[in-house]
Amino acid sequence: MNAKPEKFIIDGLRLDGRRPDELRPLKISAGVLKRADGSCYLELGANKVMAAVYGPRQVHPRHMQDATKAIVRYRYNMASFSVGDRKRPGPDRRSIEISKVCRDAFQPVVIKERHPRLAIDVFVEVLQAGAGTRTAGINAASVALADAGIAMKSLVASCAVGKVDDTLVLDLMKEEDNYGQADMPIAVIPTTGEITLLQMDGHLTRDEFGTGFKMAMEGCQKIHEAQKEALAKCYQMKDDGGEQVGE
Amino acid sequence: MGSNNIIAEIQRDHMYNLLMRGERVDGRAFDEYRPISIETGVIARAEGSAHVKIGESQVVVGVKIQIGTPFSDTPDKGVIITNAELIPMASPSFESGPPKDYAIELARLVDRGIRESKALDLDRLCIEEGEKVWMVFIDIHALDYDGNLVDAASLGALAALLTATIPNKKYEVSDEDVQLTVREMPIAVTAIEFEGEIMVDPCLHEEAVASSRITVISNQDGSICGIQKIGTDSLTEDQVNRAVDMAINKAREIRERFFINI
Amino acid sequence: MNAKPEKFIIDGLRLDGRRPDELRPLKISAGVLKRADGSCYLELGANKVMAAVYGPRQVHPRHMQDATKAIVRYRYNMASFSVGDRKRPGPDRRSIEISKVCRDAFQPVVIKERHPRLAIDVFVEVLQAGAGTRTAGINAASVALADAGIAMKSLVASCAVGKVDDTLVLDLMKEEDNYGQADMPIAVIPTTGEITLLQMDGHLTRDEFGTGFKMAMEGCQKIHEAQKEALAKCYQMKDDGGEQVGE
Amino acid sequence: MGSNNIIAEIQRDHMYNLLMRGERVDGRAFDEYRPISIETGVIARAEGSAHVKIGESQVVVGVKIQIGTPFSDTPDKGVIITNAELIPMASPSFESGPPKDYAIELARLVDRGIRESKALDLDRLCIEEGEKVWMVFIDIHALDYDGNLVDAASLGALAALLTATIPNKKYEVSDEDVQLTVREMPIAVTAIEFEGEIMVDPCLHEEAVASSRITVISNQDGSICGIQKIGTDSLTEDQVNRAVDMAINKAREIRERFFINI
Amino acid sequence: MNAKPEKFIIDGLRLDGRRPDELRPLKISAGVLKRADGSCYLELGANKVMAAVYGPRQVHPRHMQDATKAIVRYRYNMASFSVGDRKRPGPDRRSIEISKVCRDAFQPVVIKERHPRLAIDVFVEVLQAGAGTRTAGINAASVALADAGIAMKSLVASCAVGKVDDTLVLDLMKEEDNYGQADMPIAVIPTTGEITLLQMDGHLTRDEFGTGFKMAMEGCQKIHEAQKEALAKCYQMKDDGGEQVGE
Amino acid sequence: MGSNNIIAEIQRDHMYNLLMRGERVDGRAFDEYRPISIETGVIARAEGSAHVKIGESQVVVGVKIQIGTPFSDTPDKGVIITNAELIPMASPSFESGPPKDYAIELARLVDRGIRESKALDLDRLCIEEGEKVWMVFIDIHALDYDGNLVDAASLGALAALLTATIPNKKYEVSDEDVQLTVREMPIAVTAIEFEGEIMVDPCLHEEAVASSRITVISNQDGSICGIQKIGTDSLTEDQVNRAVDMAINKAREIRERFFINI
């Protein structure tokens, strides 16, 4: 792990040359897996994440079923090799919490009433971690859900805002995440501005919170555009005679 | 938790009607807590402890301070480990093992409040770099779950830490036990959103009806060290802002009432 | 942990000033939890235990049901902070064995035939441990069962006898437990003298066993009086218009 | 175990009638054991071992003696670790994982007999204070469960210890392996109570019928080092006393028959 | 553990005096347990294994049932004391893999169609391990299945071939297993020569593979004779009025 | 796996007929692989990595090289630890936890190929005898399971190792990171037997229909370092021999095509 940088912002630019309100390079591909009903591979800065969706499908054991609507399940997992020091395989406390808040980030948009007793399963695998894996995962999961044809009111877009050198910055990179003053990931329904995930740790004044929140919101809007583009491209490929992946 | 809770299901309709008239189930104002009691020093075998009641919700928090080895990437810092046990005693819905992710979220939220507010000076908890540091275990034991465990657990953790002692003698570090230094007083305030209204300190019935709540942890100067939205519904930006403002105010009140003389 | 005392009994009195056949101070409060159907908080010397009872209630998974009668389940658990060195949360081999023998200590008194297929769940949490936690837990559980309105032939009372300095002593305190020569916890049905729990370890001659057994029996009778008082006080408070806890 | 046991259920009525006439299922006297056989040294790779049969019940006990670090609160003492595996081979009722609490109780009961009788001198098992001590693992492997596993396991543990060797050479502690010193011969005797009568060494069918049994572990001088009441029924003081007396007598017989020349 | 021998074969004989194509001493006893439906105790060289069979019997949980045929389950387990350094009780990765391949070694011979929804459970306990425990276990399990009266097309016999000092040797002993150049256990249906288990690790040329395979086959034939003898002896004892074990 | 697989069940009949006419589902020859692609260096945080596709089957293998303590019985050797995660993403049949024994068999098979071929020189991975050795973790992450995971995982492990770096600088062992030395190129080739025919690289549908397959891992000189028969049906000696010959040939082809210039 790199040591703490002396300064995070020099001449208005961040360590990787970005402006404070700029996202890292983003690449999204939908429909990349055969077996899953929907899938998405996403790179955001150094992050590489794969999302897959199965469902609506049957739920075992039966007592987990909801007789009135589908249940949404979400598994966020980091590959052992995704981080500097090898991670023990399997869920840990951090990934269990992240899975929970990410699951809830999709509850307001998935139209669950159509599929009582069934489950919609979202799997997010972090293949390479580079700060902001939960937001990257949500963005990929959102596209994978659409690719799977799951009925949703809207996509969900997610982005974090943070603070370094007392400056609010969008979409933290690794050093900013490790040594910064605050980190606040949010997920929103871009069309309405409603918030479906909100976490924060570190230190923010009341004013910084308000300003940072709006920055993160704008970040989500940009991500939403990229998500829509990726889906359009995927459907176009399918129309052009590619294999009907995930349909 | 709501859908697992039989009592909640039965009373849902009744509560809905009440809330529609702007009333809370137990007659409180929207920004009003249930009675809070905090008793410290309840567990003599723990280095710090507190028994907290918010309404009928009851939590015991014990702080154990022991010597251990530091993490390899922070050889010069003490360690905080926070754990929550949602024992089946506390609720009929915790019968067959409580919801694991809920207990983990609770513990991690309390942990973030202590850690991110820098309430403990981890550098001062180092005894010998790379070899020996103080491990501060914060164990949350929920006895009776009548809603808003997060705030009860957070208050308990803070109160237990504020009254905790570093057991220098037991571990032969020095001849005198000293009080643990606590530099900040982070207070968690949880509110639900229901039909656009924000109400602090939800009781169990209110938690069951509202599908979203938000916890804001704030410091003495009114700055924020932790936020978590919990639950399946969305919130608007305006609702979030109102919850944040209310939380900062209530935290200040609670801090002044309970912690100014601890 | 304190070192072994040189002598346990000086001038006929024990380290805490008790006579050999004297119990530690005992405090019992019934009906102290809202959610549980019955509850009891008990202090015995340095022990602080909470007992809660739920039931009769449904059993999952179904194959654990008994078609002819209710099943009794018992969970004895020590809080991590209840002992000198922090205990890892969750059951260990010791607590599993204690849970088993304590469960069986109540089997003869609970009238199970009334509730086929259902469970009566007893939870005992040791908040502070000070020697004799299993007997303290049984005494609290007994009151909690009554507070929950579970039909029982009788309360169960429990007490240990031990040996220090070759002298039999009632209701061991911590030093006597750690460094003594024997420990024999029993549980009885006070009205009939029947034994529902009996364990012993250490060293007792045949005669000491007989004498010690009678001492423990008498200890149980005293505890039984305190249990009845606590229940009477609790019911009186309810009659006086307090909240109907546990009914 | 009874209620899980299909054979037992079927034969319950028949057995009840028999016992009412003062007879045991297999014609034994109330204080009579089934045939006991003890073979030691059966597992060459273990430092000590024994194969015990009581009637059709079969147990193999292996003792492994290895070097480890002492517990921090007893830096100058060796360590005994006793474990019992109720493998599914031994009984149809152990199919889907044997009853965990039953295996733990069995192991802890055998352990208490060895430990509380002071059969092993833990001080002598210390090699280097705080650093290196002998760890004595007593592993109980039940092969065939036809009742009264406790006594079979206890006999097996004692026989295996009495014939065990400390592997000084393997661990380069000294040039010579020596026999493990065993200072006491605790013998467990288990009896059931049925309709007021006390009968030792219950076979599986008797265990299924009687809802309570009691194990008494006694020493060479007739003193007692362990007792455990097992099961769902109560016992009277008189019954307990009779069981204790019978156990002390039977233990003496077994000790003289099997262990005097070991 | 012994150190690596300088030579494994001296004057054409192995460390224990065997010729390269010779089995270790073999002893098989059927019908040795009361509770199991079938059982077998087997010693092969230093190996001591016990096999027990239960079934056909009911399967829990129900979703594990196969509606068209019986399922075969196989548990290979090493006792903690069976090896030089005490083994932690319970399954490890090695024993899980061995259980899988041994289970599959019996799938082709057990006539499963007769017992839909039921299970045939095979338990193999290694009491003393001395190289070749999986093959010893299969040989014992085969006899235990027959003793239990499970309908089978044939017994299964199993044997390993290996390589030491560039020479192929049958039925490896401990030193040959630890320090040898290859190990190849197989299981066969002796009457048809069909292979039901085949594993190999180490280093074999293509030719050595072919030759070794035939050696192992012949070893299996010899073992098959011993299995049949043991069963005949067991049935004879039963006919002679012994207890009807396992029937 | 077959019987758990809904798609496979539906198409079984269709496939059976096809195969009866000597055809494979996707038109391949019996000894023909689906398209193979191998991309290395895909995970920057791993010391070595590879993304392998065989047809639609996708596997990522990451190799992490860290410092650890050697096993006590091999104090002068590095350590290889191979693990496979059959994550539920990869197949609908892995939903409720993938079949544990299948994942373990996969990992152990890949491990044996690397270990038994002596591809890694464990002696050279020792830094300080008894104290510090390099631990080579080979983690197999299956992303899309369309049959023949074994070969994909084996190829991925080899490719990741061939491009792996020993992180001397990070662990302050020396000033320069060096490439991991790989001395052998073991290639696993898996074939199914169906109606007497041997066909390599089964796709998912073929795996579902054939009840037995065999994996043969061979070295550069055509010698064999690992074999495993998988599945519930038997094989004849002739079938085994044909599979072995085919595997050695295909391994040579694959080795020459992908690894000669790596």
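Residue numbering begins at 1 within each chain, and the chains themselves are lettered A, B, C, D, E and F in the order written.
The criterion applied here is as follows: a contact is a pair of C-beta atoms (placed from the backbone, for glycine too) under 8 Å apart; a residue touches a chain by one contact, two chains touch by 3 or more.
On a predicted model such as this, the values are computed, not experimentally measured, just so you know.
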Given chain A and chain C, the chains that contact each of them: B
Furthest chain, CA centroid comparison against chain F: C
Interface copy of A-F among C-D, E-F or D-E, judged by whether over half of the contact pairs recur: D-E
Chain whose Cα centroid lies at the greatest distance from that of chain D: A
Degree value of the rotation bringing chain B onto chain D, based on Cα positions, nearest 5: 120
Rounded Å distance between chain B and chain C, as computed from the means of their C-alpha atoms: 31
Cα-centroid distance, chain B relative to chain F, in whole angstrom: 48
Separation of mean Cα positions, chain B and chain A [Å, integer]: 27
Touching two or more other chains - residues of chain D: none
Sites on chain C at which at least two other chains make contact: 60
Touch-based graph of the chains, sorted into line, ring, star, complete or other: ring
Circular arrangement of chains, read from chain C onward through chain D: C, D, E, F, A, B
Sites on chain B touched by chain C in the complex: 42-46, 49, 56, 58, 60, 62-64, 66, 83, 85, 87-92, 95-96, 137, 139, 141, 143-146
For the chain B and chain A complex, residues of the former touching the latter: 3, 73, 100-102, 104-105, 107-108, 112, 115-117, 214, 219, 222-237, 240-241, 244-245, 248
Chain B partner contacts - residues on chain C that touch it in the complex: 33-36, 46, 48, 50, 52, 54, 57, 60, 75, 77, 79-86, 89, 121, 123, 125, 127-129
Chain D-facing residues of chain C, complex: 1, 66, 93-94, 96-97, 99-101, 104, 107-108, 184, 189, 193-206, 209-210, 213, 217
